[in-house]
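Below are the structure tokens for one structure; questions will follow.
For clarity, chains are labelled A, B, C and D in written order, and residue numbers in each chain start from 1.
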Amino acid sequence: MRTAQEYRESLQKMRPNVYKFGEPIGDVTTHPATRRAVAGHAQIYDAAQRAEYQEILTTLSSLSERVSRYLSIIGSADDMILNVRMKRLMFNLTGTCTGGRCVGFNAINSMWASTYDMDHDLGTDYHPRVKKWLASAQKEDIALAGALTDPKGDRSKRPLEQDDRDMSLRMTAKEGDGGIVVRGAKVMIAGAAEANEVFVLPGTGYKEGESEYAISFVIPRDAQGLTVVEARHPSDGRDLESGFDNPVELGGITQGYLLFQDVHVPRERVFMAGEWKHSLRAVLNFIAPYRSAIGGCVAGQGDVMVGAAALMARANGLSEKVFRDKLVQMTVNNETTFGLGIAASVMGKLHPSGAWIPDAKLANVNKVHVATLPYETKRLAQDIAGGIAETGCLPSAQDISSPIYGELLQKYLKAGTDGETRAKAARLIEWLTIGEGVPGCMHGGGSPDGARLMINALAEIEANIKLARKVADIKEVSAPEK
Amino acid sequence: MRTAQEYRESLQKMRPNVYKFGEPIGDVTTHPATRRAVAGHAQIYDAAQRAEYQEILTTLSSLSERVSRYLSIIGSADDMILNVRMKRLMFNLTGTCTGGRCVGFNAINSMWASTYDMDHDLGTDYHPRVKKWLASAQKEDIALAGALTDPKGDRSKRPLEQDDRDMSLRMTAKEGDGGIVVRGAKVMIAGAAEANEVFVLPGTGYKEGESEYAISFVIPRDAQGLTVVEARHPSDGRDLESGFDNPVELGGITQGYLLFQDVHVPRERVFMAGEWKHSLRAVLNFIAPYRSAIGGCVAGQGDVMVGAAALMARANGLSEKVFRDKLVQMTVNNETTFGLGIAASVMGKLHPSGAWIPDAKLANVNKVHVATLPYETKRLAQDIAGGIAETGCLPSAQDISSPIYGELLQKYLKAGTDGETRAKAARLIEWLTIGEGVPGCMHGGGSPDGARLMINALAEIEANIKLARKVADIKEVSAPEK
Amino acid sequence: MRTAQEYRESLQKMRPNVYKFGEPIGDVTTHPATRRAVAGHAQIYDAAQRAEYQEILTTLSSLSERVSRYLSIIGSADDMILNVRMKRLMFNLTGTCTGGRCVGFNAINSMWASTYDMDHDLGTDYHPRVKKWLASAQKEDIALAGALTDPKGDRSKRPLEQDDRDMSLRMTAKEGDGGIVVRGAKVMIAGAAEANEVFVLPGTGYKEGESEYAISFVIPRDAQGLTVVEARHPSDGRDLESGFDNPVELGGITQGYLLFQDVHVPRERVFMAGEWKHSLRAVLNFIAPYRSAIGGCVAGQGDVMVGAAALMARANGLSEKVFRDKLVQMTVNNETTFGLGIAASVMGKLHPSGAWIPDAKLANVNKVHVATLPYETKRLAQDIAGGIAETGCLPSAQDISSPIYGELLQKYLKAGTDGETRAKAARLIEWLTIGEGVPGCMHGGGSPDGARLMINALAEIEANIKLARKVADIKEVSAPEK
Amino acid sequence: MRTAQEYRESLQKMRPNVYKFGEPIGDVTTHPATRRAVAGHAQIYDAAQRAEYQEILTTLSSLSERVSRYLSIIGSADDMILNVRMKRLMFNLTGTCTGGRCVGFNAINSMWASTYDMDHDLGTDYHPRVKKWLASAQKEDIALAGALTDPKGDRSKRPLEQDDRDMSLRMTAKEGDGGIVVRGAKVMIAGAAEANEVFVLPGTGYKEGESEYAISFVIPRDAQGLTVVEARHPSDGRDLESGFDNPVELGGITQGYLLFQDVHVPRERVFMAGEWKHSLRAVLNFIAPYRSAIGGCVAGQGDVMVGAAALMARANGLSEKVFRDKLVQMTVNNETTFGLGIAASVMGKLHPSGAWIPDAKLANVNKVHVATLPYETKRLAQDIAGGIAETGCLPSAQDISSPIYGELLQKYLKAGTDGETRAKAARLIEWLTIGEGVPGCMHGGGSPDGARLMINALAEIEANIKLARKVADIKEVSAPEK
């Protein structure tokens, strides 16, 4: 398996098609806009080499030998539990999201099952293509991003009703050899800059007549015709500064807009090309493990928030015991999303392809919590930390080292520890709660309203009515017509 | 295994030592104060005979053959998951708690592990006693209640500081043959009237000098010297009425005060007799599965509340779809406690005795939710149901059948269905949310404050501080002395 | 002004047209089903005579002299504030609702304004009728209930679409002298049994063609053709018992079904008779003060819950300081609904008739809190009180005084105080949180969903969009067509 | 009264003692770090000149003529209500806090009352000094900041126990003519850069022996020996950019660290100089109006969030009606804090000095809501807005206008409106919820824990116990000794 150094070198060899602030990013491993996120993803390669993390970060593949879990098929409840724990671990180590690998991981698993079904139903040969590509990806131990979200345009209209049919990524041509040409965009794609390849899925379930949008494939991140523009984050101006105002060096998020200008995808990397009837299932196969595992993500960041808040209490000269109730509530929040991720994992089912599909109802219930509980956890972290951290109400690192008044600032920032240490702890709280470390837990993997719609669809209201009627011996009451 | 009829007969054969309203209850299977609770527990025996429920309600014992799960050792995560599902099922079937079996079940498992440890540490022979008794209990398929809670007296004092040392159940004598004599009380004991035997555990962890309180044993519910006084419930006056104002005939709760007036327990039924060092662990061994499985309980009642609320919407002439958001929230609440029960089950560990101990942190996090979410679920059920069900704002069944004005009431109660059906649905909502069906989910199995204390003890604040420090490269900050 | 004794005598003189459990209630002042509620309402007459409560409970009428505030026109923000405080006071004194007076009070004020508008718009003479009747009601100092809620039948249909057009109260005839005949019912009417007269309002806004339903009038509670059937409450079986299991002797709620079988109302008591265009406004004029003042109601009961919980803590042997955070949260809840009632009062407007109409948006915001916060307050009271109070998990008063085991029960109930006192405190918690004392705060005065609809109608989304656009200099964005 | 232009000129005339990023800010009205905040404060001067806002923003002073409300004595409940409305208005107009005037306003009122009391109790002449200074401040119509918060150092120690006694601002000398010299710092001071003068209050209540800390005075912001270092905010790097990534030009916050290096304050500007017994009251006099009016602040920003969220829905191609429930909840939150501010205002009392002191209990209840509800409002705004706004997941303005791919980005950002408009709306949501617009509502004016402590002190637990005992006729239960 790759070392972190080999990972960095693999990124350096790629075509520089990533931009931010209107400028190309020459080397993503050193450019201030991306180097922290690359460092975060590099921690995965580092940790996978260490015995203590091997159970979580690696597994034995049926296709080759010991491989990164991020490039594996989730074959059992146990695998899925280790996935949830892996997410928690990586947030523990980087403080934030390493989305440049986990979305790709989910995409592999989704299409592992969906290509199996397509081949079974339609006689296609997609599943062997996935298998072959995956074996090689495992061998090279690539970093793989995943891409679902389309720009979509006007939300009240379907793709072909838009003024411009490119508003969802689409296949503009099928080539004689089975390759395809795609045009459009995928937006808010985590970790593209940190990835070697990108696994593309359909963004939603498509209907008859919309087959041009029902596409899945994998391409190098630096493919011809593909341009990546990185989005801004809160306080990302600090990436360009020195000093500790961006307090985390070994973790970071990027979310890119992937612009496809007639990109060619060769046959062996095409996994869906118009089979619209299977597009919804591909999305659902993605959602179930994603919305389960994200419970580990927010728990993992929650762990860091518990620690940062307790650290800040000490830095203020107080025992963290003063804030026991709040720290317990933060812990309850962390364990709730983690636990529901575990529960969804365990209550899942094995797909005939060998992929384990977590329970959809529990996964979506978890998504609802993931979109709400971390907000409370952040609020409590700010509550414990005091005004200095609430909105980062603290002079800059430059000011703190000013020859004119830096000494005075350090004098007045001193409390339970020296002024600079306290300032760094406050910056960490800011970073976690209102700064660059905040991941997109509400809409990442779909919105909570979407999750509620799925819970509604999966809720067994009729069965529950029957229980109620039986308990109290009540006759049937029909639903009103309107 | 026993039939329901055999279960009823076993109860009828017992000494009538159960009282309510100052009077003895002759036959618990027919007396209005207890017959519904007996009917609820009888459903367990009925269901265990049916193929569809056999996986959940029975298991293969290492001690004998197919036995009731309620009399089994939880030997794996899978067993524990089935326990959570069993609780949900029984609430589904009875609308409420069948505590006369589940507490006993937890008590067996706690002492299975604790007697193993005692024998290992102290050279006692308690574990074989449990094993022998259990084999016979399984064979007879008894209904077994469990008893932990002591009166305790003044909460600010320890047992021996009380004015009266009987305020916690205690051993007043050890007999030559190894039997013991006990005096005191256990209070708020679920299902004593519905049980053949009662498994007694220490109510808390005891300290040196308090060994008289560190006792565990099992006795017949009608043992000499034992008197059971059943507590009141909300609206329990309706038990004595005819008509549908107590709408549930096949389920009910009893919670009794067990008064021990120098009760003799023979050697083979004594499982702890003074080993105070093991008392806390016995309680913890009880708490972990109990606080996990209770997530299934409240989910099971929540299912009935979802159904009753949807039914009531229809009875009011409205589609339940009008209340989609509220029903989804109720479902989220149900699946949250169920899911955390599953998670605690899965993340547990095998005790050397062969008993599976669920994860304590997740179990206690679940207890916190169990003490809060059902209140929201009840509120939402009332919200959907309308004023007629909120405080049971509806004339009595007698009024509805009054020859003078009953017809008028029925006319005006009519909405999406006839008046009487709507009235019954409203009574079910009342029963579930503010009536006899409300189980003691807040303090049952211990208070939420107790759970929070355990979460605090299990939270890894120091480890989390270390994560935070590492993420932002912050030096160590010591906790203040005071 | 009347004394409590005169009030009781006035009730005793009335025709016995009140029923419960299928039987007529001969004397509402002594019958166990109503005597507590009468005693609660009698406290108003008592307190109005006492100097300390005079500012709150009485006022100077423009029509006569010092009168009960319950029979006054709310003429200013200050009057309205005193109304909110009066509700809080009465819940403080009785522990629950004295709805037999406050709904009538709101009805007077609503129709004071609406008759003024009708006379102005239509040339009718309703306002002088209200004035004349009110002067006499003030003089006699009557207890006046109010009645809005119609049975309504199928909620998905309008009144004339129902199978039976009586499903909302309607005028079946207009007599030559201006009197009317009414048929139908008003349901869940608070305090009818405790009232001398009933003020009837339209239950909703009616449309063209539905004028038969647009009616308002006042009648004696014992009018010919009117039958009152009292609804059940949680645990109302205890009303018939002796002992302290119904712990409150001087307060109680009744909610009746009023069956109108062609009741004649003479001209001078008719205040609306078909003017459907004014029916919605009459309801809105009722809602604004009602939903403001109800914030005082739930705060008043909340005060008692704070006290009961603190008392129970002491009875358990603990200082209430242990529960500081919970008691503070309960206090926050109380002051929130009280404060929003005050705010709605102050931000109101004077109607040309001289009636003060509180701010509708704040009143409805308060209604949303009134339908949720008390549920949290109740939960916290149970949390503090312990299992003994959660579901009334305590033997009956008869058991506690049993000659056989009563002494033992008292021994084991003892904690921070003697057993009986502790039992009484636990019964009070039960009564407040899951017993007879629970008022219908969720649907009383309309449902929270209704309040949310009004907030939506009153929210100034367009104005807020304009603010947002101006702040960030964003051009206009039109709403989509569909 | 001053025009906005005169206000700007007054700032330009001042000594450049304000710093950020290690550099002095030459002209605060044009420097990118401060010009938006100055523009926000200038809006106050502009609006005060306009008829539509005159009632809210100005008042008639007893000392001179029509003056800015920010320089007036709050003399009645009506004045206080207008204060709450003024805060809401200014957040409506600027999208954020104009703290450079409101803290000073509260400070004036606090010391108006406290100097009156000191003069009364101690025979000092502080009150006439305040009066004289205020008359002149009104005449010049100055912008006045206020400063309370001291660095405090180790929170577990009192000021004189700190290693360095400068950790709270202190008087190092009293001069012969009654002037004083002060050293130390005030930190996180809103709007210092936008103010002409700064009104200093004691940061907490001091005890005997700590009189050097009990000081109050007013000084020019550019006084000799005073240095202001401005703190960073989230995303404040964008202040230095062009383009719309900082979307608000006419509003902004600054929070400064004020370093006092032996600053001389002349006699006529000294309002407390060692009278430690009056220091706590000065703080409490400040807190009551501050914690009331802040309810208007967060409601005012909430209005903008409602508008921004609805605007974003439209920009996404959806009607805001889809999000009705969420917008209603946001509105409920806004009106709750606004309403409680009104209630605290109305239930206040007149101090003998003529200053109106709002009700402390309601003010502190409001502070608790102010520290929690806006977090929910922000979450709902992000929920409605979609992933594009959650963490500002959108390329920079430079990218959107890139000659290489800007057109493509604009194409794909298009939805219910053109791409750039939608991007600006998303930036506004980001600014309001996780960017520069977020005010310090949790710790501003003190922490929610501090508010809870005050509620605990003001809660009438004993009185409530008495109510409970009376309602259920329960005898007295004494509190346990420990």
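Following the convention adopted for this analysis, a contact is a pair of C-beta atoms (placed from the backbone, for glycine too) under 8 Å apart; a residue touches a chain by one contact, two chains touch by 3 or more.
Keep in mind that what you see is a predicted model, and the values were worked out from it rather than measured.
Between the contact lists of chain A and chain B, the overlap consists of C, D.
Taken over every residue number at the interface, the positions common to chain C and chain D amount to over half, indicating a same-residue contact. Note: centroid distance chain B to chain C, computed from Cα atoms, is 37 Å. With centres defined as mean CA coordinates, chain D is found 40 Å away from chain C.
Rounded to whole angstrom, the centroid-to-centroid distance between chain A and chain C, based on C-alpha atoms, equals 52 Å. For chain B, the set of residues that touch two or more other chains comprises 154, 156, 317-319, 325, 416, 480, 482. Of all residues in chain B, those touching chain D in their complex are 154, 156, 325, 480, 482. Remark: chain B residues 81, 92-95, 244, 247-251, 303-308, 310-311, 314-315, 317-320, 324-325, 327-328, 331-332, 335-336, 338-344, 346-347, 361-362, 365-366, 368-369, 416-417, 421, 424-425, 427-428, 431, 452, 455-456, 459-461, 463-475, 477-480, 482 touch chain A in the complex. Chain A meets chain D in the complex at residues 19-22, 149, 151-157, 163-164, 166-167, 184-185, 187-188, 227, 229-238, 240-241, 245, 253, 255, 257, 259, 261, 316-319, 371-372, 375-376, 378-379, 382-383, 386-388, 390-396, 398-399, 401-402, 404-405, 408-409, 411-416, 430, 434-435, 438-440, 442-444, 447-449.
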